[in-house]
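After this come two complexes, each holding subunit A, first together with subunit B and then together with subunit C.
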Partner chain A sequence: MMKPIALAVVLGLAALAVPYFGTEYALSFTMQLLVFMILAYSWNLIGGYTGYTHFGQVCFFGLGGYVGALLIQNAGMRWYFAVPVAALAGAALALPLGTAMLRLKGPYFAIGMFGLTRVLESLVLGFDSVTKGGTGLYLVPLDNLRPVYYALVGLAIVMIVGTWRLDNSRLGLKLLAIREDEQAADSLGVRTTRLKIGTFVVSAIAPAAVGALNAVYLGFIDPPTAFSPVMELTTIAIVLLGGMGTVLGPLVGAIVLSVVNELLWARFPEYYLAIVGTLLLLAVLYMPRGIVNLGMKRGWLPAGRSLFRQLAREGGRGRPPVAAPLVPDEAKRAEA
Partner chain B sequence: MNAPEHILVAENVSKRFEGRVALDNASLKVRRGSITGVIGPNGSGKSTLFNIIAGTLTPNGGRVLIEGEDVTGASPADICRRGVGRTFQISRLFAEMTVMENLVAVAHGIDDRTAVQRAMELLEFLEITAIADKWGSELSYGQRKLVEIARALMLKPVIMLLDEPFAGINPRLQNRIVEHLKSLCARGLTVFFIDHEMRIVLAECDQVYVLAEGSVIASGPPALVRDDPRVLDAYF
Partner chain C sequence: MPITELLIGGLLLGGLYALMACGLNLIFGVMRVINFAHGELLAIGALSTVSLVAGFHFPFWSALLLVPILTAAIGLVMHKLVLQRLAGAPMIMSLLATYAISTILVNGAILTWGGGYRGLPGVLSGSVSVLGQNLSISRLVAFAVALGVSLAVWWVLEKTRWGRAVRSVSQAPELAEISGISIEHVRNTTFALGAAMAGLAGVLMAPTFASDPQLGVRFLIKAFAVIIVGGMGSYPGAIAAALLLGVIEVFGGYFTGAVIGSALLFLLMLAVLLVRPRGLLGVGART
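Showing the complex of A and B:
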């Protein structure tokens, strides 16, 4: 238990130190890494835990980006007010969208979300009187980008800690139950509809906030970058590579993929995408459950969802019964 | 108001699948605290009736009452929360979760510690504590049946619906499950199940319903049903 905490502290300190000690390149690399990490953690909630994989995460990223940029440019709002509003806009879109779309399952939901993202992109392109269409919106650059960077670090930490809490909660188990067998979960009293819509809404908040932060950081937003399919696929690849439905999966996946990307991009600018693609293919073939799941199975990483095992061990050490047993006589007989 | 004598009642339940009649005015009553079984040949409508009671299918006609309240067309989750626990014919454990997690996941209205405690007690009761940390996907067929029963008991149901609990398991385990069900019954749980296993149905049930071609052709205590010419005709 101490090792992961120590590792987290080191990573956190490193992230905090980058703007002071790192080069410009290190800063922009870490920014990208954080953006992908937050997107991946959000997608992991609905795709990894609840099992509703989909290709529409950038729909919220793009929406947040535009809401944030427009509020800053047209309403003169400060970025640190615009970003939370953008996050709320993400949730506000996700609620009706989830209610309608989560009736679909499997590939229908996945592709449906992809389609909706394209619809949103077209709307942004079409309403060019507001969004400036394909030309994109330019924002007045900030003098100091450090606060934006720290906002991203903070958001990433919230996502990691939040996922860790979820992983050790009954709510997390219920989401996994939906992933494993939604009908059975429903028959056993799990409120499946409510839970999956709720998860979907929560999974839209951080991407919308990141979309706005990214627009502020770059000082620019246009439809192809705001609703980028490449960004979508990279996010999903990160979670697949790291491990779906795990606490550390998106973190490990984001770091590994970003480092590999950078190393290859610098050395083999022409072929790097082909190499990354091949590596991902090999990873999915030989580690279908991702790096973290493999690590937990081999004992390199502590097993997930430790809370319940711990509670069971405590219960087994002769703690006084908390609740009246369902079948007291049998329980006593078994103990004897 | 006193609790009704019959905890589960199906009244004139009918179900058609694309014109084919699966259930035709089937009625049954399950007395509180009893072990009630439904038998019938393949295609007689047992599973359809079971799924209508559990809420996974909606009937075309008739109604289902649980504790005297009409639950026809209610969702499976709502029916479950009225105190109905169920198991599945083909195991539907959550494969990528441990046995303990399978149990704890469905608990509601209690805190984590109590949920784990209850799960441990149920595993002890069913004598499967040793597999608490095994993955759902690792278990044998018989172990799955036991874990499914434990999982349904997590909800402290007043009635258990068991979908072919004895199919495909060895007689020793069948007897073990029967013993467990009987001791639960002695504490007020009502057990309702469908199965092919004539031996157990006739030996252990208080009340038996025989389905054939979507209709109840006989019902009553096993001794009576056994010698009913209509049952012999349908089965042999």
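Showing the complex of A and C:
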């Protein structure tokens, strides 16, 4: 139990130290890493735990960015007020959307969110009297970016700790039950629809906040960067590479992919989409459980969820599961 | 009389949607996979048509044959190398796989053709008068071929032995296998056919619309709207919905302006998902 906390403290301290000791480059690298990490942790909630393919997270990122930027520019709001409002806007969009699409199972959700991103982008481009269309919005640059950086660090810590708590809770198990067999979960009394919509709304909050923070940090927002398909692809690749439905997966994946990103983006920008797409494809084919689950299998990390280990130690409740059912045979579900 | 003009314009657009959506629907039926790379097959079809006709001076009709063969080959490779291996995996894996393939294909198309728009001016140019409207020949040809091929494939599905095999695999894969149908063969051929239909739609659009590598996403969303409104897995539903949505898009764009018009089909799709999730002609959701 102490291990994750110790790791979090070390990483947290390292992240806090970067603005004081790191170079400008280290700071911008860490910023990018944090943005992707927060997006990945949010995606992990709906994609990893609940098992719904989410191709539209970037629409909350873009929405948050535009809400934040417009509030700062038109209403003269300070960024630390605009960012929470942007986060609320993300949740406000997610609630009706989730209600519409998550009542249905399977591919509808994937289609709907995929389409929504493009629709939102075209709306932002179209209402150019408000959003300045393709030219984008320019914000007055901040003198000191450290508070923005710390806000990102704080948000990342909230996401990691939140996921860790979720992973060891009944709620987390309910979400996993939805992923494994929604009908069975339903018949066991899990309120699947309500939980799915709730998870979806929660998973929309952080991306909207990050979108606003990113716009403040860059001092600029336009439709291609706000609703970037590259962002979407990278986030999904991070979660899949790291390990879907795990606490450490998005963290590991974000670090790995940020390094890959730094090495490739600078040298081969024109191949970037194809390279990350290939990585994603290879992960789907050969390592669908991700690095973290591979680590558990090889014994580098303690196997299973600590909640299960605790139950196993106590030895109560009939047959204690020693290893967690990470990704059992889901062939039936896929066909159902 | 703008009403007639809009109606005809909408139907002409709907024919292309039908061809694209039918291929997507066919693949969904037998594979239970939404092919997120379907739009890229269309874009590759359109762009390679431009290259063949404008670059290599092939006649346009030869593209009608060659390009679908190319996209069918791409589709077959996709299925053999990737999707076939994911047959027993959870649906999220095959969705992620087709999504990854679509980004790889977009990138490949940008590297091959550049990011800009390309058109085919002068191919099938000229116009004829129908119902007092001047219609360009390229759009009429596109409509006739697209709708004709969609209906022909429907006939094949309903009347031939192979079509019966496809329908049985999509309705009850286990029973189909017990009855001696090779599921692998059906899936291979269906995927190739669906990909060929997307490529053909690309060929047909090339003379009318300017094409770019990002074209796929825009059309894919419309094809999604079509199969959801028409009912997933329902072939006649997809054809009817394609024509209907083509008309709605053109009317919507005319009366509400381009901004709302572009979002209209999506909103319609959401409404159908909420009110009647199996679609207008859907045969019961099998999700």
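Please note the rule applied: the second predicted complex is superposed on the first by the 281 of 336 C-alpha atoms of A that agree within 3 Å, B and C clash if a C-alpha of one lies under 4 Å from a C-alpha of the other, contacts with A are read in each partner's own complex, and residues count from 1 in each chain.
As a convention for this text, a contact is a pair of C-beta atoms (placed from the backbone, for glycine too) under 8 Å apart; a residue touches a chain by one contact, two chains touch by 3 or more.
Nothing here was measured: the structure is a model prediction, and the numbers come from that model.
Colleague: Using the superposition on chain A described above, determine whether A:Leu188 touches subunit B (first), subunit C (second), both, or neither.
Modeller: first
Colleague: Contact-wise, after the overlay, does A:Lys297 reach subunit B, subunit C, both or neither (first, second, both, neither)?
Modeller: Once the two structures are laid over each other on A, A:Lys297 reaches no partner at all.
Colleague: Touch check for A:Gly106: first (subunit B), second (subunit C), both, or neither?
Modeller: second
Colleague: Once the structures are superposed on A, label A:Arg146 by its partner contacts, choosing first (subunit B), second (subunit C), both or neither.
Modeller: neither
Colleague: Output check: A:Glu270 vs subunit B and subunit C. Expected answer is one of first, second, both, neither. What do you get?
Modeller: In the superposition, A:Glu270 contacts subunit C only.
Colleague: On the A-aligned overlay, A:Thr278 touches which partner chain: subunit B = first, subunit C = second, or both, or neither?
Modeller: second
Colleague: Should A:Leu123 be classified as contacting the first partner (subunit B), the second (subunit C), both, or neither?
Modeller: In the superposed model, A:Leu123 contacts subunit C only, not subunit B.
Colleague: Which of the two, subunit B or subunit C, is in touch with more residues of subunit A?
Modeller: After superposition, C is the partner touching more of subunit A.
Colleague: Could you say whether A:Ile236 touches subunit B, subunit C, both of them, or neither, answering first, second, both or neither?
Modeller: Second partner only, subunit C.
Colleague: Based on the A-chain superposition described above, do subunit B and subunit C contact any of the same residues on subunit A, and if so which?
Modeller: 327, 329-331, 334-335
Colleague: Quick check on the complex: what are the subunit A residues that touch subunit C?
Modeller: Residues 47, 51-53, 55, 100-101, 103-108, 110-112, 114-116, 118-119, 122-123, 126-127, 229, 233, 236, 240, 270-274, 276-278, 280-281, 284-285, 288, 327, 329-331, 333-335.
Colleague: Show which residues of subunit A lie in contact with subunit B when the two form their complex.
Modeller: 169-170, 173-174, 176-177, 179-181, 183-192, 245, 305, 307-309, 311-312, 315-316, 321-323, 325-327, 329-331, 334-335
Colleague: Give every residue of subunit B touching subunit A within the complex, in rising order.
Modeller: On the subunit B side, the touching residues are 54-56, 75-77, 80-81, 85-86, 88, 92-97, 100-101, 104-108, 110, 112-122, 124-125, 127, 129, 132-133, 136, 151-153, 155-156, 183-184, 187.
Colleague: Mind listing the subunit C positions that touch subunit A in their complex?
Modeller: The touching residues are 28, 32, 34, 36, 82, 85-86, 88-97, 99-104, 106-108, 110-111, 173, 217-218, 220-221, 224-225, 228, 232, 258-259, 262-263, 266, 269-270, 273-274, 277, 285, 287.
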